[in-house]
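Structure in structure tokens, see below.
Which chain is which? They are A, B and C, in the order written, and residues in each are numbered from 1.
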Amino acid sequence: MPLSFATNMRVRFPLMAIGLEVVMIVLFAFFVQYETNKNTSTSPNSTELPAMDTDKTMESYPHFQDVHFMVFAGFGFLMTFLRKYGFSGVGINLLIAALGLQWGTIIQGLFRSHGQRFQIEIKNMIQADFSTVPVLISFGAVLGKTSPIQMLIMTILEITVFAANEFLVFEVFSASDIGESMTIHAFGAYFGLAVAGILYRSGLKEGHPNEESVYHSDLFAMIGSLFLWIFWPSFNSATASDAKKQYRAIVNTYFSLAASVVIAYACSSLLESQGKLNMVHIQNATLAGGVAVGTCADMEIPPYYAMIIGSIAGVVSVFGFKFLTPFFTTKLRIHDTCGVHNLHGLPGVIGGLAGIITVALEKSDSTAAVSQLAALGSSIATALVGGLITGAILKIPFWAQPPDEDCYDDYVYWEVPMRIEYDNRFHELLDYLPSEREA
Amino acid sequence: MPLSFATNMRVRFPLMAIGLEVVMIVLFAFFVQYETNKNTSTSPNSTELPAMDTDKTMESYPHFQDVHFMVFAGFGFLMTFLRKYGFSGVGINLLIAALGLQWGTIIQGLFRSHGQRFQIEIKNMIQADFSTVPVLISFGAVLGKTSPIQMLIMTILEITVFAANEFLVFEVFSASDIGESMTIHAFGAYFGLAVAGILYRSGLKEGHPNEESVYHSDLFAMIGSLFLWIFWPSFNSATASDAKKQYRAIVNTYFSLAASVVIAYACSSLLESQGKLNMVHIQNATLAGGVAVGTCADMEIPPYYAMIIGSIAGVVSVFGFKFLTPFFTTKLRIHDTCGVHNLHGLPGVIGGLAGIITVALEKSDSTAAVSQLAALGSSIATALVGGLITGAILKIPFWAQPPDEDCYDDYVYWEVPMRIEYDNRFHELLDYLPSEREA
Amino acid sequence: MPLSFATNMRVRFPLMAIGLEVVMIVLFAFFVQYETNKNTSTSPNSTELPAMDTDKTMESYPHFQDVHFMVFAGFGFLMTFLRKYGFSGVGINLLIAALGLQWGTIIQGLFRSHGQRFQIEIKNMIQADFSTVPVLISFGAVLGKTSPIQMLIMTILEITVFAANEFLVFEVFSASDIGESMTIHAFGAYFGLAVAGILYRSGLKEGHPNEESVYHSDLFAMIGSLFLWIFWPSFNSATASDAKKQYRAIVNTYFSLAASVVIAYACSSLLESQGKLNMVHIQNATLAGGVAVGTCADMEIPPYYAMIIGSIAGVVSVFGFKFLTPFFTTKLRIHDTCGVHNLHGLPGVIGGLAGIITVALEKSDSTAAVSQLAALGSSIATALVGGLITGAILKIPFWAQPPDEDCYDDYVYWEVPMRIEYDNRFHELLDYLPSEREA
């Protein structure tokens, strides 16, 4: 069956992708330089860059690799849980992150250098990878209901707003957010929810037959979930300013995550019929402790405090999946495919609040707590405004968005091997046969 | 079909998991502290902790991440080989390890500090991860025949006995066991075999239709197997006391593993009908070299000696899978689902023996060799006693254990997507059709 | 159905594998030694080895682990894309690499030490892992059409030629090739193509029903592809001689890869019917930027130059898959299963050319550029000659090669669980049913 023009990407997608890459290369040519490069550029602001301590910058490389692994393999496989949308889950994740890290490098670098040429240290690569994470979170909210073209646009717009909010939070408010609970997780979730709200499809309010997992797709998603879980201590400590803070961020994240696993399992069994465990909770809520401890991970909190934060996040996350997500879909007309609100949104807000409380208890003056509050408010507000505007742009019916009946199905944008057809046919097959277990 | 009370975990599992997590948080509040935390605790033994060299402790972080990856992704996916038990394999592995690392931190810390408050260095996190490995090994022996509640109990009991034996081996006997061949691998295997012996189900002596792999589940298991294989040099060198020993442990493990791969392939083809390779051997016996070289990996052995150890382990492991496992099941009434005896038990004993020989050849006095022998004996003896007692406790018919017919099936404890039902139905379907290849 | 003698490996494979392992152990006993080992050897050339700076050698360990991960998990899973050949893809990859790293250690060490005893630093382990990569690339060219016995032979022969060419390139020509675009990637690809040309099967010129992916096998392959993508900056920087070069190799590879992802997606959509994305391109061409930037990654090129190289490689790779591979199969009678020519061959040559240009621009004298040209020529020429000879040896009808009808099917060399039979039957089943989507 040939695709109609509506979803055929042949011209639009390559043009946009190549165009964006050309823009990136031009921007890099103008603004990015090694200390050691001869200044052959004709750019007017081509001054000598300060010397870089290469040994020092290389110290961040193991942390970079851990974060890099999370972004590409962790988030990528976490999004393969849908039975017919695994290619897009892992494949569009790669596309977003590869484009996003280039744009993030530029936009963060320009904020940092006040528009001058700049060089790239390993920490900047960590930050470039970080800048893609809010987009990957927002991608989770609209997974299955958007086209790759829309995701290219969202990547550019969201990272721009993200970098502006980061500037506000860290430079203007001087707030603390080592694991970026507020600036990445809450921001990415609320941005995504705003986009999802604008792109709401009333035709899918009764659900969609493709919006379900199969046994193997849940195992693929567990690969991603575990990768994120394992490296989260690196994520929360990657940009620490000294070894003591880095060490504390690692230890606190380690124990917060462990606590959120035990509590997430307990709550899953408590809420599901017959006390069973639910893979959606296991894949997601076990990570909530990593998000929620992010803001205060490097502060002088004792580990048991981190474990309490992780436990609360585990509870809130599972309850969110069970009760809030259906409420959002039916009452608020916001459909959040991966439930990013429960994994990133609520735990991100918990992280922000834990940061405010910790700072208030730790320091005598109240300015620091007010800064933290401003950071949380700014992250949510810029996310919502940015998400609404982005959603409005993505709603323009020219971006090859899938029709309702083809949502959550790779075949619209991917060559898929025959087997996926067979999956469909199999459901018919089942009707030919007497059922077994239920009998 | 509703589950009967027998296997419905709704009340029992959440209560036990939440209760254990609360206990962990309370124990952490009493006993775990950062050097820099203000001593606000009311605990009587709240004295100032010694200063920590943060830069030095952070040097272990890359090793920690490698070990962490093995525990959660390596062991987790290795246990997804059964066609209908992948959720439990990777999911209960996560639960055991997340609870176990908290309990391991406490119990190992108390042994180390003689009951005083203590702080956590990165090496202690490595040791906490290590403490979960014997439980994951024992989990392999009883995979598919136990409930998540039973595994929570086993986690607490086994880590307690493990920490006590570690204290004996390293503090009392002053033995060497850098890769913990004896204290982790042999211990975990014999503990698991003892539990499996007590929990023996005569109703399953003819096997069970679910106890088999499918093509994709074997590939998932290869993910875990390779992760373990790749990072084993880090496992065996993670706790080395100086750079020279660490370096030797890495090099020796690297070559021992390589030799055991080649030999395991050879033996698999030698023993299987028509010279074919068997995935069970490839997933497991290729790792035996890492286990067996563990005790003497950091000693002054030449690499070819490590390769001989790896080769012997490869042979023994494949022969164990082929001949010993069936013998254990039918004659000894010990059913070892993953064959942990062949991967961890026998290679662990080989490791202990190699350690004795190496120490005896290396040092003039015979005390050191006697210490090694005592360590091996202690590891096996405490494992067997601890396993028998644990097995007796797990046999109490209140822990939601699965009935024989529902063994090796995720649906008892997990919400499973429809596809797994379809697997069952498919076997009926096949009967409708003429066979092809065999014809 | 019993296998005929032709493909039954029972005697031949174990004999060869055990024989090779024994040879490796003997060679290690003669030639490999730690600085600290007592010189108990009776070998005549047993002199004292120079002291090793253990702290310094350990600095390479994180890089080693990244490369190790790529070799075993990255290449392994990348080759699981065929629907019935996943066991061989990941399993024979492991066998080749485990044997190859031992042989690579020996042959590279002997070249380095001029036939004397030598010790092994972590960098030598990186180089040993590197030496297996050309074989894994060539394995991709003949995937599905060869036996494990043939792969053992190819491993020994190819690594020997590879080490000789490396000696030429680095010692004789003193060329630069930090990421070994020429010496590993182009070499491995052209060696494999030469072997594939000799082993051409005219019986398969119309293709083979097993030579296709299914939905899940493509996802397994994405695991491998992403692992390679993520760690490629480590691959290209692992053997850098100083921190500055290492840093530059990381940054340039990072951006080259990002650019090649965006461009590969664009070209895939441009060339496929209806603008769809093709998994073959996504799994492979996204990596082309890492290959192509390899030669000049550590040179003083600005990042935008790396991005241009990555973009060109992305274009060439996708066009290669679309047009060159069919041409090679039908016209040149060279069937390249994984399309290694498009991922390693052409991008490797691009890398070599980029190196020549960069060196010519950077340095005043033209000798350096001539050296680079000699290195590229030598890599391709030795690969072709070595591949032709190896192919001739592998053609001897004694190595249990599969008959045409059993190509790309694990069952010839592996015990496979029933499900794979079911896959076959399923295609019959489909005929019983009315089609759905096409209707």
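Please note the rule applied: a contact is a pair of C-beta atoms (placed from the backbone, for glycine too) under 8 Å apart; a residue touches a chain by one contact, two chains touch by 3 or more.
As the structure is a prediction and not an experimental result, all values here were calculated from the model.
Asks: I need the rotation angle between the copies chain A and chain B from a CA superposition, between 0 and 180°, in steps of 5.
Replies: So the copies are related by a turn of 120 degrees.
Asks: Mind checking chain A against chain C and telling me if their interface is mostly the same residue numbers on each side, over half, or mostly different?
Replies: Chain A vs chain C: different; shared/all numbers falls short of half.
Asks: Measure off the straight-line distance from the CA centroid of chain A to the CA centroid of chain C, and report it in whole Å.
Replies: That gives a centre separation of 33 Å.
Asks: At least two partner chains per residue is the criterion; list those residues in chain A.
Replies: Correct list: 62, 216, 223, 429.
Asks: Under the definition above, what is the set of chain A residues touching chain C in their complex?
Replies: Residue list for chain A touching chain C: 1-3, 8-14, 17-18, 20-21, 24-26, 28-29, 32-34, 36-38, 54-55, 57-58, 61-62, 65, 68-69, 72-73, 76-77, 80, 86-87, 90-91, 94-95, 98-99, 101-102, 105, 120, 122, 125, 148, 216, 220, 223, 413-425, 428-429.
Asks: Show me the residue ranges of chain A that touch chain B in the complex, using the header's touch definition.
Replies: 62, 66, 83, 212-216, 218-219, 222-223, 226-227, 229-231, 234, 243-244, 246-248, 250-251, 254-255, 257-259, 261-263, 265-267, 269-270, 272, 274-279, 282, 286, 300, 302-304, 307-308, 311, 426, 429-430, 433, 435-438
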